[in-house]
Each structure stands twice: as structure tokens, then as C-alpha cells.
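The following pair of complexes shares a single chain, chain A, combined with chain B in the former and chain C in the latter.
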Partner chain A sequence: MNGLEINDLSVTFKTFRLDATLQVPQGCITGLIGRNGAGKSTLIKAIMRQQEEMSGSILYDGLPFKGNEREILSKIACVFDSPHFNVFCKAEIIIKFYRKIFSSFDMELCRSLMEQFSLPLKQRVRDYSLGMQKKFCLILALCQKPSILLLDEPTSGIDPYDRGSIVELIQQFMLDETHTVLFSTHITEDLDKIADYIAIMQEGKIDLFEQKDALLEEYRLVQCPYLTEKLQEEAIGVRKSMFGYTFLTKNREPEGEDILVKSPTVEEFFIHFLGEEEQK
Partner chain B sequence: MSKNIGFFDYIVTLLTTGWNRSLDKREWESILCLTFLMAVLVLFGGDPMPVFCIFGAYGALSILILLSLTRSKPALFHLIPITPRRKTVYLFLGMLFFTIGVMIATILVELLVAGIICLIVFATSGENAFVFEEGSAIPPIGLQGTLFSVILGLLFVGAALLIATLKNRKLRGILTVSIWAPLYALLQILTSVGNIEKGKIFLLFDTIPHSEVVLIVLSVAAAAMIVFGTVKMIKQIKN
Partner chain C sequence: MHIHLSLQAGSIYEQIEYQIRAQIYSGELKPGEMLPSIRTLAKELTIGIITAKRAYDDLIAEGMLYSVPGKGVFVAERREEELIQGKLEKLKEKLSSAKKFADENGISPEQFQKIFWEISEENHERS
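The block that comes next holds the complex of A and B.
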């Protein structure tokens, strides 16, 4: 079953058009990557019904939004790219609002996570650092006890130690197999650790959607000082540097002298995949 | 599933959490300008506007403020698990209570300011300013004048509904101010040029030829604006 089923979703702005179709499987973490302005945040806002004009259909755990508004809004949570509440309020006030709005809000979990991440309750959210704000938003989202969690850059601006803790929290959330996560990020290292699927967005469209392990298994990253004709034929997204050439290939054992072959990381795959797309 | 949020909590969430980035600079400017004009009108303009007109004006103000807040996306109150019907009812009730609340608050501020002025006058000159002068009451404005005041109030509400549902933020900001500025200017011009006592402006209405026709035309316009604006607003709220 799909946690999210997005069909022909379209949002139009003056200079940009989102046109997405995507099936996000339940019980999995789907990483959403793309360049700045590719439409990742717009897609997440559209899923959260935060776009004024949009067409197409979205099913949430198999349910359409119309007619199930209350049920869907109580089972979906999102960490937006910036806080979606009044940052002039103290953290404890915001938590109080969440408790009133979401009856499933887990106060115990909230208290322990606030303590774990050393977030002061009596401080205004505006006075938190960027990383602290991100952590606070994630804590609020997790304590809602959602079954679908959308994350828009939740780890950007956070130090590696806390990033590790956040990734762990997401992993814990995924212990329940009925949960679904759509995780948009530029820090692809996090996706290397936890993503099950990778979706690449470009110019408002989903260009690629694959299982991460299968994808990284299918390709090899090659580094070589020069390009032979044979290597050039099978090379995908060639990038030239002062040390030679780097590219992806589907050939698991490319031939040549002084070449280095390894499995690509998500970031390496993304860079060369986009390079190839732009060359086309 | 989440239990339904209560009306009070919903409105408090809307007002408390919506200020973040919901209103852009232009909207803030227009609402502040509008509130300032209201204050000027109430505190220093004598009593040029009968109560129905004032009620309509406050209604317009609360519609503009509350609807501007709901335009903010993403915002916490858009994520509240609530049915669209309940959301619409809550917002309409919110506007009504907000209107009454703002009216009461303004009257209290007016009384407070008047009290302070009287105290200062008493302290400096020993004159008892608390005693009202005889014969300074507003003259009765008659049936047509009252109807005119009601319709003017409704026109404010209709205009506010239409403006609040406009998509273009810039236009919304400009029009918000333009509900008030021409009215205030008109009242001032009428009182100074016509050398008419403040409070008697609505008596002027009786002197307009075919004033019944003007009344009917204005009522139709007000009704059309309110119906069209309300339908548009409900559509936007439910979206």
C-alpha cells in the first residue's frame, strides 16, 4: 500500500509549474532530492494542502482529502522549511497549542525530547538558533503521533552530532511499518543512512523514482585520468576535473588503465544523474 | 482520531499563531492605517457616524484582519484537524465576536482618553469638564438617515469581504485603505465646506433629490457585494 499517492498534481506560479506524479510506499523512507527551485518545498506544501490553487489528486493512506479532512489532518505531520507558527511565542505556549489541537499529542515524549535536545521551554522560539528551531519543529511533528511524516530540510543547519540524533528519531518513527516518511534534503548523507527510496525532482517534475539500494547497485562510479572511446560510450554524466574524469556507468567492470571503480553515494549519483540530464 | 477543537481555541490559535509571516508589509500597513483612521474618527471626529454605520465599519475591520490571517500558508491553524464546515462557522462567529470585541475596546479607550483629558483640564484650570454641555446631543437623523447609515455599514462589510478575498496582495492593501480614506475625507469636507455641525451629516441625506432611489440602489449594491463576497470567502475557507 502507498502512504501517499500523488497523481498529476499541478501547481502553477508565474515562472514555475509543478507537475508531479509520485507513489510513496508505506513503511518506507523516501528521500526527495533536487536542485534549489526544483519544486521540493512546493510539492510538500501541496501535499499539506498549503497551496491555494492546485489540481490533481492525492491519496493519504488510500483516502482522498475531500470528505476525510479531519482524519487526514490528524494523521499527517510536517516539518516545513521554516517554522509555521508564531516564533514570537515561547516554546511552552506553542506546545500548549499543539496539545489542544492534536488530542494524540504525546506530552511525555515531548518533554523527554525537549530535554534530550536541551531546548528551553521558557524561551521564545525566535531566540532559538536555526538548528534549535528545526529540532523543535521536528519534536512537535513527532509528538503529534502521525502516520505520515513530511520533512522539508529537517537537518539543514544542524551540527553532525544532533543530525545523527534526528536521523535516529526518524528511524525510531519508522519502527511502525504503517508509517510513511517523505524526506526532502540537500544533505544526501542522511539519505545514504536511512532512505529506502530516492526521488529526484527537476523543474517541477519527478525525473526518477527508484529503490535506493537497487539504484546504487545498478550503477558504478568511475574515476579515470583519461577517457577512452569505450568508456565514453558507457559514461553517464561525465564531469571533468584537474585530476581526470568522473562518471557513472552501468557496466560493473569497466576496462581501462588507472581507473578507480566504486559504488556511488546518493550525492555522487545525484550529481552525475543531473549532469547527464542537463547535457541532454 | 483527533477530537474537535473548540471555537475559542480555534480563534485563539488563529490570532496567536497566525501573525508570523501571514501578513506582508503592505497588509500590515493598511491594517494599521485603517485602525488609525478608526481611532481618529472615533476620538476626534465628533460623532459623525451613527451606530449602525460604525458597527459595519468595525465588521469590515475584523473581516479584513481575520481573513488576512487565514491567507497565511503554511500556518498552524491550517493544519488543525477540523471539517471545512466547522471551520467556516468558526470563522464567521469569530468575525462577529471580534467586531463586538473591537467595538467595546474602542469605546473603553475613548472613555479612558476622555476621562484623562477631563482630569487634565480639571487639574490645570479647575474647570469641571465632566459636566456635559446641554444641547450638544446628536439630533435625530430620521428614518431615511438611519437606513442610509445601515446601508453604509453593510457596504463597508461587503467591500471588506470582496477585498479580503482578492488574490493580489498589493491590490488588497491599497483597497483596504481606500475603504476608509475617502469616507473620512468626505465627512470632513462636508462638515467644513458645508459649515454643518458634526453629527448632522446624515440629515443632509434627506435633502438629496430622489433619495429613496439612491437608497434602493445602495441596498442592492450592498446585498450583491455581501452575497458575492460571502460565497467567495466560503470557497476560499473550505479550500
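The block that comes next holds the complex of A and C.
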């Protein structure tokens, strides 16, 4: 089953148009990457029903929104790129507020996570560091006990240690196989590690959706001092530097002199994949 | 069970498979012993769930592990003949790839056999 099934979702915002179809498998982590302005945040907002004018359909754990509003809104939780509440309030006030809104809010879990990550309850969220704020937002989302968790840039701008904690919280959430995670990020290193699927967005469209392991196994990253005709034919997203060429290829055993071949990382795949699109 | 992963050492699922296999052969993992769930393995190693599943699925297909729905994944019983049979299969695989190399590089079957015997004799003398 799919945690999210997005069909012909269309949102128009000034000159920008989102036109997305995407199946996000349940029980898995899907990473959403794309350049700034590609429409990642718009897509996440649309899934959270925060876009006023949208067409197309979204199924949540198989349920359409219409007629299941209450159930779905308690199923989904989101961590936006910046806090969606008054940061001048103390953390405990915000928690109290969330507890009132969400009947399912798990106070016990909240207390233990706040303690685990040493987040002071009596401090204003504004006075938290960026890493603390991100962790606080994620804790608030997790304590709503959702089955679908959406994350918009959960790990950007924070140090590797805090990023590790956030990745761990996400994986903890995934211990339940009925859960689904969709997260957008520029930190592709996190995706290299924990993502099961990768979706690439460009100009409001989903350009590619594939299982991460399969994707990285299908392609090779090649570095070579000069391009032969044969290499050129197979090359995807060629980048030239003073010392030669770097590109992707589907040929798992490319041949040439002084050639270096390895599996790409998500970042390398992304750069050359987009490079190829731009050249077209 | 213990597993350490290196980003430089090839694909993650192969590293896991290799290490679990080695621990079963060495007796460190005992028949009937329960392994962590796929999701726990993914979390503890900070890897994808599908990657963890792939490693277990491959080992189940090989007969090294077996899964009981709703219970978990366990180390399979190994009989001596099976162990030997497994190793023979592996050897056949290795020799097949050597033979393929010979064919592709114009080495005749006679030359191939000659080299094969030379190697066998050498090792025999050494031991």
C-alpha cells in the first residue's frame, strides 16, 4: 500500500505551477530532492492541505481527503522549514497548546524526548539554537502520533551531531511498518544513508522516482582525462574541469585509459542528472 | 551478532551479508538464534529499510537464515553436507568465471586445464 498517493495534483501560485503525481510507499522513507524553487515545499504544503486552490487527488493510507478530513488530519504531521507557532512563547506553553489541539498528543513521549535532547521547557523557543528548534518541531510532530510524517528540510543548517539525533528519531518512527516518511532535503548525505526511495523534483514536476539502492546500482560515476567517442555516447551530464571529465553512465563497465569508475552518491547522481536535463 | 559498515567497502547489503555469513560459519551465530528485525537493523546501522531487507532476503534465499512470519528472522540449522555443498557451489561459480575469462581471451581448454592442474599440484605440495 502507498502511504501517500498523489494523482495529478496541481497548484498554481503566481507564475509557478506544481503538477505532481507521486506514490509514496508505506513503511518506507522517501527523500525529495530538487533545486530551490523546484516546488518541494509547495508539494508538502499541498499534502498538508495548506494550499487554498488545488486540483487533483491525494490518498492518505488509501483514504481520500473528502469525507475523512478528521481522520486524515490526525494521521499526518509535518515539520515545516521554520516553526509554525509563536516562537516568543516558552516551550511548555506551546506543548500545552498542541495538547489542546491534538487529542492524540502523547504527553509521556513528549516529556521523555524533551529530556533526552536536553530541551528546557521553561525557555522561549526563540532562544533555542537552530538545532534545538528543529528537534523541538520534530518532537511536536512525533507526539501527535501520526502515521504519515512530512519533513521539509529537517536537517538543514544544523550541526552533524544534531543531524544524527534527527535521523535517529526518524528511524525510530519507522520501526512501525505502517508508518510513512516523506522528507525534502538538500543534505543528500542523509539520503545516502537512510532513504529507501528518491524523488527528484524540477520545475514543479516529479522528474524521477526510484528505489535508492537500485538507482545507485544502475549508474556509475566516471572520471577520465579525455572523452572518447564511445564514452561520449554513454555519458550523462558531462562536467568538465581542468583535469578532465566527470559524468554518469548506465554502462556498468565503461572502458578507457586512465579511467576511474565508482558508484555515485545521491549528490553526484543529482548533480549530473540535473546537468543532463539543463543541456537538453 | 556484530556488524561494522564502511562506506568505501562496496555495497552495504553485501557487507552485511558477508559478515552475517562469516559469523554463521564461525559458529558465533548459533542455529535457531534470533536476529534483530529488519527495521531495528536499519535503525541501528543507520541504513535504509530496503537495504536491510535485501540483505536478509538474500541470506534467506541462500538458506542461511529463515523467517517465521510474525516472529522474526532466525539462523538456520546447517548440516555438514549442506555446508560442503554450499562451498562446492561457490567454487564452481569461481571456476566458471575463470573459464569465462579464458574463453574471452583466447586461452584454449587444454591450456586452461594445464594451469588448473599446476595450481592444484602446487597447493598440494605446499600442504
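Everything below uses one rule, namely that the second predicted complex is superposed on the first by the 280 of 280 C-alpha atoms of A that agree within 3 Å, B and C clash if a C-alpha of one lies under 4 Å from a C-alpha of the other, contacts with A are read in each partner's own complex, and residues count from 1 in each chain.
Keep this in mind: a residue touches a chain if its C-beta (ideal position, glycine included) is under 8 Å from a C-beta of that chain, and two chains touch if they have at least 3 such contacts.
All values reported here derive from a predicted model rather than from experimental measurement.
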Combined model on chain A where chain B meets chain C, clash or fit: fit
First (chain B), second (chain C), both or neither touched by A:K100: first
Per-residue contact with chain A, leading partner among chain C and chain B: B
First, second, both or neither for A:T228, with chain B first and chain C second: neither
First (chain B), second (chain C), both or neither touched by A:V167: second
Degrees between the directions from chain A toward chain B and toward chain C, using C-alpha centres, nearest 10: 160
Partner chain in contact with A:L175 - chain B first, chain C second, else both or neither: second
Chain B versus chain C as contact partner of A:K212, first or second or both or neither: second
Smallest separation in angstrom, by C-alpha atoms, between chain B and chain C in the superposition: 26
Common ground on chain A, meaning residues reached by chain C in one complex and by chain B in the other: none
Touching residues (chain side chain A, partner chain C) in the complex: 27-29, 167-168, 171-172, 174-175, 177, 193-197, 211-213, 217, 263
Complex interface listing, chain B residues touching chain A: 1-5, 9, 13, 16-20, 73-76, 78-84, 167, 239
Chain B contact footprint on chain A (complex, rising order): 45, 48-52, 69-74, 78, 80, 83-89, 93-94, 97, 100-104
Residues of chain C touching chain A in the complex: 11, 13, 37, 39-40, 42-43, 46-51, 54
